[in-house]
Structures are given as structure tokens and as C-alpha cells.
Amino acid sequence: MRQDQDIGMIHPTALVDPGAEIGSGVTIGPYTIIHGKVQIGAGSVIGAYCELGHPAHDPAQGGLLSLGSNSHIRSHSVFYEGSVFGDGLMTGHRVTVREQTRAGRNLQLGTLADIQGDCIFGDFVRLHSNVHVSKLARIGDYVWLFPSVVLTNDPHPPSDLHVGVRVEDYAAIAAKSVILPGVTVGAGALVGAHSTVCRDVAPDSVVVGSPARYVCETREIRLRDGSGAPAYPWRRHFHRGYLPEDVARWLAEFS
Amino acid sequence: MRQDQDIGMIHPTALVDPGAEIGSGVTIGPYTIIHGKVQIGAGSVIGAYCELGHPAHDPAQGGLLSLGSNSHIRSHSVFYEGSVFGDGLMTGHRVTVREQTRAGRNLQLGTLADIQGDCIFGDFVRLHSNVHVSKLARIGDYVWLFPSVVLTNDPHPPSDLHVGVRVEDYAAIAAKSVILPGVTVGAGALVGAHSTVCRDVAPDSVVVGSPARYVCETREIRLRDGSGAPAYPWRRHFHRGYLPEDVARWLAEFS
Amino acid sequence: MRQDQDIGMIHPTALVDPGAEIGSGVTIGPYTIIHGKVQIGAGSVIGAYCELGHPAHDPAQGGLLSLGSNSHIRSHSVFYEGSVFGDGLMTGHRVTVREQTRAGRNLQLGTLADIQGDCIFGDFVRLHSNVHVSKLARIGDYVWLFPSVVLTNDPHPPSDLHVGVRVEDYAAIAAKSVILPGVTVGAGALVGAHSTVCRDVAPDSVVVGSPARYVCETREIRLRDGSGAPAYPWRRHFHRGYLPEDVARWLAEFS
């Protein structure tokens, strides 16, 4: 069901199920497949070779795949049915998103992101390349997961017991770190690169290593730009891609 | 050479070489390419954008790609010619399998698996997402490799000397671990998450760390489900996806 | 603009912009997309489902994508506009290359390589599978990056300060290692598998661990082939894929 006249923006080689709800001004790239249980918000762009609304492995996990307005899904990505995303979802290439993923506004999923489903993302979460999110993960708002981070969920693999990871607001997990099942990374915390996090991380603290150990408070880290200003909370100085009202609030918080 | 009347299950955009042998009831998704030296067992499902039977880099490594019955290859996957798989192969998305891979029944390859070829898998082996298997690996039966595990093979890279990793029956290697060249992970052993395994691991033992060190016997680990029952051997309690006769044998073993 | 008569080598399902410059004898696989700002050197082979010349995120980063002669891009790969490669580029499957990448002759990018752009590769650089190269990386000649290596660039993520990694000629970084921002890995050095490199590595030295520490000089490592010959500098004994004149020079150097 096409809601406007921009029919030319759907490439003639795209295979779009008539049951899909395609919003106004949506662009769909060559050779992309849109299944029936899909709703794409106005102004979205879907790249080439994507498959949206892939049938669920277990029909009980199925249902509508809903993408908000102004989403941008890059090429070779696969989204299963049965997930809901807020406006402004942006992905890299070759992203996989399984059933029952729930996300707020402005989620960014880097190239090769592998979202296993049954998980929740808040608003303005950023995943860099090749991040693996296991089922039952709970990710707050404004969280950062850097390249090749893995969130696990099975305390004694393989088993039928799954315990998700929790990452609270503004936390940042640096490249190639792995978070063990059931761990909570507290609000504003920083996990250093290539760490193995086996225990909860206190808010606004820095941990690093395998197993990760407490190093200092985040406020003790200075920007290496010569200013000597604190590097954390990062919202003091890093504002790219956020809403003006969020940035104004953050600036007021630290003035 | 199509062996039945289910011609409608091959999507009209699929490019199937007339030399390929496609079994009864096989489904082939949109835009998928099947080369000539390919045999697909009855009842198999091949997703979209796959390329099966990709020509070998070295013709001496070529030959038939044979997939058993009831295989399921998910989208964007690439299989080279010259490999043989038992019945019930199941893959995630974007799997790569190079020449001269040999696998038993019911192999599962997670999304982004990267199988370099010249390797052997037993029966009922499970690889989770993004596992990298170097050439000369020998994997037993009922083995588990969890997300982002890497099996290496060059003791002093780069060189022309390759020494494969051996993983014996029922062993489990947790997320993000790397196994160094020539290492044997013994039957029923557990490698903890994010470890670097430089030496052989004794059967039914647990190792963890970088370099990985002995922690305890697997039988000392308890399920965290409140039961206090042993978590290993995992075949005591984890039965999803295995044959009823295997499960019956395992239950008898531990009763 | 097609420069020769080999029109049949472009698959009829390929979508080639008339503005693209396609050299003599180029093969383009099924379902591949070639945008307008693309130049492909003579004798090159482009696999299926590739997208070459993907529009830049920031138009200021755009411009021509130039591939030298005899390049081989394997299936499902994405190259953005605005990069230049010397002759003989060879890639695995599902490679991503962002804007403003500069590379010399004979670069090899393994399957799943993720090149973030704004980076420089010398001649005869080899990346194995799943390597992530952040912006501002400077890679010398004859460098090796093995599976799942990550080069980072943000010293206090997230921030607007990016400091690239430098890897000098003939250095080798073994599987799953991460190099922290601003680190220089010296010429001929070896980083052991699964290391975290936080400080500069001296030329021809071996470091390993998290954090990586000095182990020995590379010349102290012996080949495990029974010869007892030195394993490094690797150019003493490893010659596969290099130019005869380079190999002759290396043999003279060590005779």
C-alpha cells in the first residue's frame, strides 16, 4: 500500500509485498526485498540488497516490523519481522536485526551489527561496527558501544538460562570489550578497550583489563586536546548528532 | 537438472546453472546464484542473494559442492565449490565457506561465520555468530564455538607453516576466545570467554584468561538456575535441537 | 563509457551508470551496481551484489573511486566514492571501504574488512578477515594485519579528537589484537595474538599481552618447521604473492 505519488523512488528491481505500508517519500534501492509485515515511516531510505520483514524463525516471535520516519538502512541489511524502532534509525551495511527488538529514537547500528533480538534500546544509542548484542540486553539512552563489543547472556554455555547485560544511560564501552552475562554497566561508566567485564561497573567509574578492574572515576580523565578539560561526562564536549535541546540541557548542566 | 515439479519454488530472479542438481522440494530465494558444480539435497531452503558453488581460487581445490537434504542457507551467504556437508546444515546470514570443507550432519554456522576451508567438522557442531575457522581445523562432534571465537593456524605469521587447531567432542569455547595454532581443546572442556589458549586443554577442564590457565574441572560448575545441579557436562541438561536418541543416551549416561 | 568490445562480460543484471569508466576486459558480476563516479582499470573482475561508488555521506568527502588494473573485488562488497587504489587490489567478500582511502599496489582486504576511510595504505599490504581500520590510520608497505585486528583512533571515546595508528613497513599484527589510538608499531615488529597495544612498539621487537609487553627481538623466534632458521624478518622465507624483484632483493639482503 503506497501512500503517495513518489512511486519512482522504489527501484524497479525491488520486490515489495503489496501488504507492506510504505510511507511518503520513501526510497527503496535496487534488488531489495520488502515482505508484507513491514511498515516504513515517511522519508526513509532503504539501500540495495536489503531484506526487511524476514519471516520469524518462531512464528510466536513474529508480527509487524515497524521503522519510524526518516530511517536510513544501508545495503545488504536484514531485519526480521516483529521489531519496533523509533524515528531516525540509521544503520551501516550488513546489519542483522532479529525478532522482538525494541528501540527508541535515533538508534545507530554500525556496519555488521548483529542484534540477536529480544532486547531493548533507549533513545540515541550508538553502536559502532561489528557489535554483537545477545538476547535480553537492556540498553539505556545515549549509550555508546564501540567496534567489536560483545554483550553475552549465557553464564554456562550452552544452557537454557539466559541473563542479559544492562548498560545504563551515557555509558561507553570501548572497542573489543566483552561483557559477561548479567553484568550492569552503570550510568556514565567507561569500559576501556579490550576488557572482560565480569562484575557490575559503578556509575561514572572507569574499568579496564581482563578481568576488568577499577581504575579511577571518569571525571579524572582529561581531554588530550591540550585544553586539560575533563573528557567525561562526554556530553560536556561531544555533541555531534544530538538534538539541540539535549545539547542545551547538557551545556547548562556543566556551566 | 530439476528433479521434481516444484519449479515454482525457485524464484524467477534466481540464476541457476542448468548443471546444478536441485533436489525435490528445494526453495531458492530471489537474486540467488547457483553455479554448475552444486548438488542441493531435497527439502532445502536457500535464502536471497546467496552464491553457491563460487569457483575455486585454485582449480585443484575445486569440485562439487554437496549440501545434504533439509539444509537451510540464509541470505547473502557464499559457498565455494569443493565442499561436502551432511544433512541438515543450517546457517545464519552472510556465511562464507571456502573450498575443501567437510562436515557431518546438522552443522550450524552463525551469521558472519568465516570458514577458510581445508577443515573438518563432525556431527551436530554449532558455531554462533562471527566465528573464524582457519584452515586445517579439526572439530569433533557436538562442539560449541560461541560468538567471535577465532581458531588460528600460523605459529609465526606470515609463514608457509600451518598447524591446525583441534577441538574434541562436546567441548565449548566461549565468546571472543582465540585458540593458538596446534592447540588441542580436549573433549568436554570449557574455555572461558575472551581467553587466549596457548597450550592444550585437558578433557573436562575449565581454562580462562590470557594466557588461559586451568581453573577447575567442568563438573565443579553449578547451574545458576537455583537447582544447584552441575552445569557440565552440558549434555546433562541442554537438549535443544538434538536427536531424541542422542538425548535418551545422554539421560541414561547421567541417571 | 565502455572502452572495448567485451560487452558480454558485464552481466545483464548489473546496473552500470553510463558515467562510469570501465576499462578493457573488465568483468562485472550479476546484480552489481556501479555508480557514475567510478573508474575501473583494465582486466578487473567485480563479483556479484557489489556496490561501487556509493555516494559519500558528506559530499566534501566525495569524488572519483579509482580502482587500478587487474583488481578483483569479491561479492557483496561496498566501496564508497572518493578513494584511490593502485593496481592489483584484491578483496574477499563483504568488504566495506569508506571515502578518502588511499592505497598503493596490490592491497589485499580479507572478507568482512571494514575500512573507515581517511586512511593510507602502502604497497603490498595484506589484511586477513574481519579487520577494522579506523580513520587516520597510516599503514606502510608489506604490512600484515591478521584476522579480527582492530586499529582504533579515539583516546577518550566518544570525542572529536582522533589520533590514528601507524604501522610501519613489514610489521605483522597477529589475530584479534587491538591497537590503541596514536600508537606506532615499528618496522618489522610483531604483535602477538590477542594483545592490547597501548604504547609504541620498537622496530623488530615482539610484544604480547594486555597491555602488551616486550618479549624479545623478532630475530630470536625460530621457524617451527624443523629447520631452526629464523622466522623473522619473515621476508627471509615467505614469498608467496610478491614481485620477483622484491623477493630477489630480500634473498640478497639475507644471503
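A, B and C are the chain letters, set down in written order, and residue numbers restart from 1 in every chain.
Just so it is clear, a contact is a pair of C-beta atoms (placed from the backbone, for glycine too) under 8 Å apart; a residue touches a chain by one contact, two chains touch by 3 or more.
These numbers were taken from a predicted model, which means no experiment stands behind them.
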{"item": "Third chains touching both chain B and chain A", "value": "C"}
{"item": "Type of chain A:chain C copy interface by residue overlap (half), same or different", "value": "different"}
{"item": "Chain A-chain C separation of Cα centroids, rounded to whole Å", "value": "28"}
{"item": "Shared-contact residues (touching 2 or more other chains) in chain B", "value": "31, 49, 76, 94, 112, 130, 148, 176, 210"}
{"item": "Complex contacts: residues of chain B adjacent to chain C", "value": "15, 31, 33, 49, 51, 54, 76, 78, 94, 96, 112, 114, 116, 130, 132, 134, 148, 150, 152, 154-161, 163, 176, 178, 180, 196, 210"}
{"item": "Complex contact set, residues of chain C against chain B", "value": "13, 30-31, 47-49, 75-76, 92-94, 111-112, 126, 129-130, 144, 146-148, 172, 174-176, 193-194, 209-210, 221, 223-225, 231-232, 234, 237-238, 240"}
